[in-house]
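Here come two complexes built around chain A, the first alongside chain B, the second alongside chain C.
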Partner chain A sequence: MKFWIPALAITLGLVGLAFSDINEYLFFAGFVVLQFVVLASAWNILGGYAGYVNFGVPAFVAVGSYTALVLFKALGAPLLVQILGGALVSGVLGLCVGLLTLRLRGIFFSIATVAVIFILETVVLNWRYVGGATGVQIARPEVSFGFETYTRMLFAVMAVLSLVAVSISRYLQYSHIGQGLRALRDSEEAAECSGVPTLRLKVIACVVSGALLGAGGAPMPMYLSFIEPASSFNLSYAVSALAMPIIGGIGHWAGPVIGALLLGSLQQYVTVEISSELNVLVVGVLLVVFVVIAPDGILGWVKAWKRFSK
Partner chain B sequence: METILEVSGLGKNFGGFTALSEVSLAVASGERLGLIGPNGSGKTTLINCISGALFNDAGSIRFNGQEVSRKSAHERTRLGIARSFQIPRPFGSMTVLENLMVPFAYVCGISGKRARSEAREILGHMGLAEKADTQSNQLSQVELRKMELARAMAARPKLLVSDEAMAGLAGAEVDEVLKILFELNAQGITIIMIEHIMQAVMSFSQRVVCLDAGSIIADGTPEVVVKNPQVQRAYLGH
Partner chain C sequence: MVFSLDLLFEAVLFGVLLGSFYAAVSLGLSVAFGLLDIPYVAHPAMLVLGAYCTHLLSGMGVDPILSGLLLAPAFFVLGVLIYRFYYETFEKRGSDTGVRGLAFFFGFAFIIEVGLILAFGVDQRGVEAAYIGSSLELGDYRIPYRLLAAFGVAIALTVALTLYFSRTFTGRAIKAVGQDEGALRLMGANPVRIKQLAFGIATAVNALAGAVLIVIGPVEPAMDRLYIGRTFCVVVLAGLGSMSGTLAAGLILGVAESIVLMFLGASWAPAVSFGLLLLVLGVRPQGLFGR
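After this line comes the complex of A and B, so read on.
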């Protein structure tokens, strides 16, 4: 209840906001911040809880986006179906990556996930139906649920998706699965010898994390009315999805939420006020600063402060 | 006496290197077995094959009459094979108590208050009661060794494999850990102890097996094995 009442209230508040008459740009920017809440929470399930650092975030996001595109182009599927489809296909990609953990650990796993980006990007570049290298322009369908504009609707949908992602991530943290993932992050051998089915848990984490990353990427074609490979497979997704949990505090569900809200908003601000190129620098600098002075992120600070003031 | 563990014709290669060949060993229920041998003789490989950390290339491993050599490590833990590690592997981000909660949840299927009180009981037996809420990466070497044994015990094993649980410990600490192992054995747990401290091996083991270059070269009572000329040449260095 301590989680659900505020969480539901915030989500409803955000959805309600989309019906108000404030500046459209706020929703356009807010969508990106909320998308990062989804992506960072999803990344944290595998990277934070299980300690498997996934650099392949752009691949999962793009699989979500392109699945949505194909569903829309081929069947005229509505947004919710696009999101579910994106999550499903990305979840299957998660399953494949999960099987990599059978043999690859640590940095070797991370490098393999980078390869996934390039493999899938090459596939998309050579696939005429989804526009190849030039991309596809999309005519958005009618807005539903009584929203004024499509962007407002997407903002509300992303708010709900954030709630779903954070709830799943929080549930996993406090469940047996989270306990097992934590154990295998500390020592895979000792976890096995404590009865933890490490492979199964790693695969579960990969599938759930992958599905949520895909769901987060699925609304992109509709959001931009356009999709092309270079931005869909952009490595900055990987950097952001990793930087946000690290800055917020890894291994706790609230960490990526804090990191995404903070860094996402800051990036949007910098993009508008200063330069769209500078926002990547902001992520980099903050990441370095946090790794050096607060390796446990903002949550680590809070914990240390609580211990200190006791 | 009833046989709890039966290893027969066990072989394990790493590339072209034969780590174990034709190792056969039967352990009786409730037995205290010492496993000795020079470094690189295959002791840890043997127990890695028994616990499931490695799969054997040849031969069979039967535990309680059941073939386990193709089962994964966590399945074997659930069947009752527990082990401690030569280099302690604590779940460093957890407290000592939380370390024990993992096998409780995943092997015994208990959690919450009941698991916590049982965990405290085990820690009490190990002399770790005051350390229950300490972060496990803050423990001293002897405390880590004890915690490894405590965590192994939380899985309620029938067979405990202790891989050099006394390595690097001082004299009095060796006796402490030895006392714990004797107590566990008195509760009916079969124990295989790998150890280089001969005094501990001699006082603990009912039977000693000596490995050299991946094969068993001696098997018998401690007194007989240490007098074996092959053992003396390969390991004891007389």
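After this line comes the complex of A and C, so read on.
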């Protein structure tokens, strides 16, 4: 209840905000920040709890986006179906990548996920139906649920999606899956010897994480009313989704939320005020600085402060 | 494209030349990741950095390959500094090097990439030399001299590193530190200093490899992304830490990529290295020539 009442209140508040008449740009930027709450929470399930670093975030996000695009183009599917479809296909991708590489040491998994980005990008570049290298323009359908504009609706949808992602990540953290993942992060051998089904837990985490990343990417075609491979498979998704949990504090569901809200807002500010190149640089620099001086992120500081004040 | 033996021969020929180039750019990673077990994902970014430094030097009229050689000492020092930093912040603390070490190098690579974009812009940069642009004519085949230059450097580097690791005392110590650090300590050698030296060498090799990269073709800041796949593919395929294996694996990748390029088209070529990498990881993770 301590989690659910504030969480539901914040989500309802954000959805309610979408019905108010404040500046449209706020929703345009807010969508991205909320999307990063989803992506960072999803990354944290495998990267934070289990210690397996997924560099392939752009691949999962783009699979979500392109699944949504295909569903929309072929069937005229509504947004919610697109999101579910994106999550499903990305989850299957997570299953395949996980089964193939999660038996190996962590870094091999990380490199394999980079490989997935480039293989899928090459496939999309050669696939005419989804526009190849040039991409496709999309005419958005009518706004539903009584929202004023499509961006406002997407903002509200992303707020709900954030709630879903954070709840799943929180649930996993306290469930036996989270306990098992933490055990295998500290010592895979010891966990295996104590009867933790390590491979199964890692694959479950990889599937859930992948599905959430796909869901986070699915609204992208509608958000931009345009989609093309270079930006969909952009590596800056990987850096952001990695930097946010590390800055917030990995291994706890709240870490990625804090990191995404802080870094996401900062990114929006820097993009508008200075330049988008610098915005990417800021993320990279903050990532390196935090890894070096605050390995446990902002949550680590909070913990240290609590211990100190006792 | 119709299949013919002539074309296949040409594809293999160019594949061998291209493959030796892939081996040259992977040798540094083979030392840093293969032998020292450091998750050095910033390697391709350092490669591109080397290429840009070569671009600057050759702008002053220095031959690109010579620039690579001149840059090597500076890169050696840089490598030593990077390793010292990595050691002090991660290895020494032993604090969960898995996630944080990877994140550190990934962020580091990103900083180099964006730094290059801010300094040079996103346009392609190249170098000029007498052997770039002209070709050796052998019967029906025209072999660009720049590929031959890359081939020469690759062979020279592989031979030099193989001899160094098998014949000299420090070279053997580097191999030993990769196998059993504790044992090396018992023999009275300091593993940290050995690793520091090895990482310096790996980075110095990268300066020369970066020069070869810009000799082969123009470079752009985001190029390191493609080479994450190629270099790790070669190193994993080779079996971690084997120098001659690295050359062989580079040749395999080069030939495979060249055949795909010739018969399927250029747009599929980037996927070859990554596909091969996934295949090796799934089927034979210890590599073809692994110990």
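Note that the second predicted complex is superposed on the first by the 307 of 310 C-alpha atoms of A that agree within 3 Å, B and C clash if a C-alpha of one lies under 4 Å from a C-alpha of the other, contacts with A are read in each partner's own complex, and residues count from 1 in each chain.
As a working rule, a contact is a pair of C-beta atoms (placed from the backbone, for glycine too) under 8 Å apart; a residue touches a chain by one contact, two chains touch by 3 or more.
Quantities reported herein were computed from a predicted structural model and do not represent experimental measurements.
K.L.:
Would you sort A:106 into first (chain B), second (chain C), both or neither based on which partner it touches?
P.N.:
In the superposition, A:106 contacts chain C only.
K.L.:
Based on the superposed arrangement, let me know which partner A:191 touches: chain B (first), chain C (second), both, or neither?
P.N.:
first
K.L.:
So, does A:182 touch the first partner chain B, the second partner chain C, both, or neither?
P.N.:
Touch status of A:182: first partner only.
K.L.:
Kindly classify A:154 by the partners it touches after superposition: chain B alone (first), chain C alone (second), both, or neither?
P.N.:
After superposing on A, A:154 lies clear of both chain B and chain C.
K.L.:
Applying the document's definition of touch, where does A:89 land relative to chain B and chain C: first, second, both, or neither?
P.N.:
neither
K.L.:
Thinking of the overlay built on chain A, is A:247 touched by chain B (first), by chain C (second), by both, or by neither?
P.N.:
neither
K.L.:
Which partner reaches more residues of chain A, chain B or chain C?
P.N.:
Touching more of chain A: C.
K.L.:
For A:115 in the superposed arrangement: first (chain B), second (chain C), both or neither?
P.N.:
second
K.L.:
For chain A, which residues lie in the overlap of the chain B contacts and the chain C contacts?
P.N.:
After superposing on chain A, chain A residues 185 contact both chain B and chain C.
K.L.:
Where on chain B does chain A make contact in their complex?
P.N.:
Within the complex, chain B contacts chain A at residues 51-53, 72-74, 77-78, 82-83, 85, 89-94, 101-103, 105-107, 111, 151-152, 154-155.
K.L.:
For chain C, which residues count as touching chain A in their complex?
P.N.:
That would be residues 33, 39, 41, 89, 95-96, 98-100, 102-104, 106-108, 110-111, 114-115, 117-118, 225-226, 228-229, 232-233, 236, 267-268, 270-271, 274-275, 277-278, 281-282, 285 of chain C.
K.L.:
Which residues of chain A touch chain B in their complex?
P.N.:
Touch residues, chain A against chain B: 176, 179-180, 182-183, 185-187, 189-199, 251.
K.L.:
Hey, which residues of chain A end up touching chain C in the complex?
P.N.:
Going by the criterion above, the answer is residues 47-48, 51, 53, 55, 100-101, 104, 106-108, 110-112, 114-116, 118-119, 122-123, 125-126, 185, 235, 238-239, 242-243, 246, 250, 277-278, 280-281, 283-285, 287-288, 291-292, 295.
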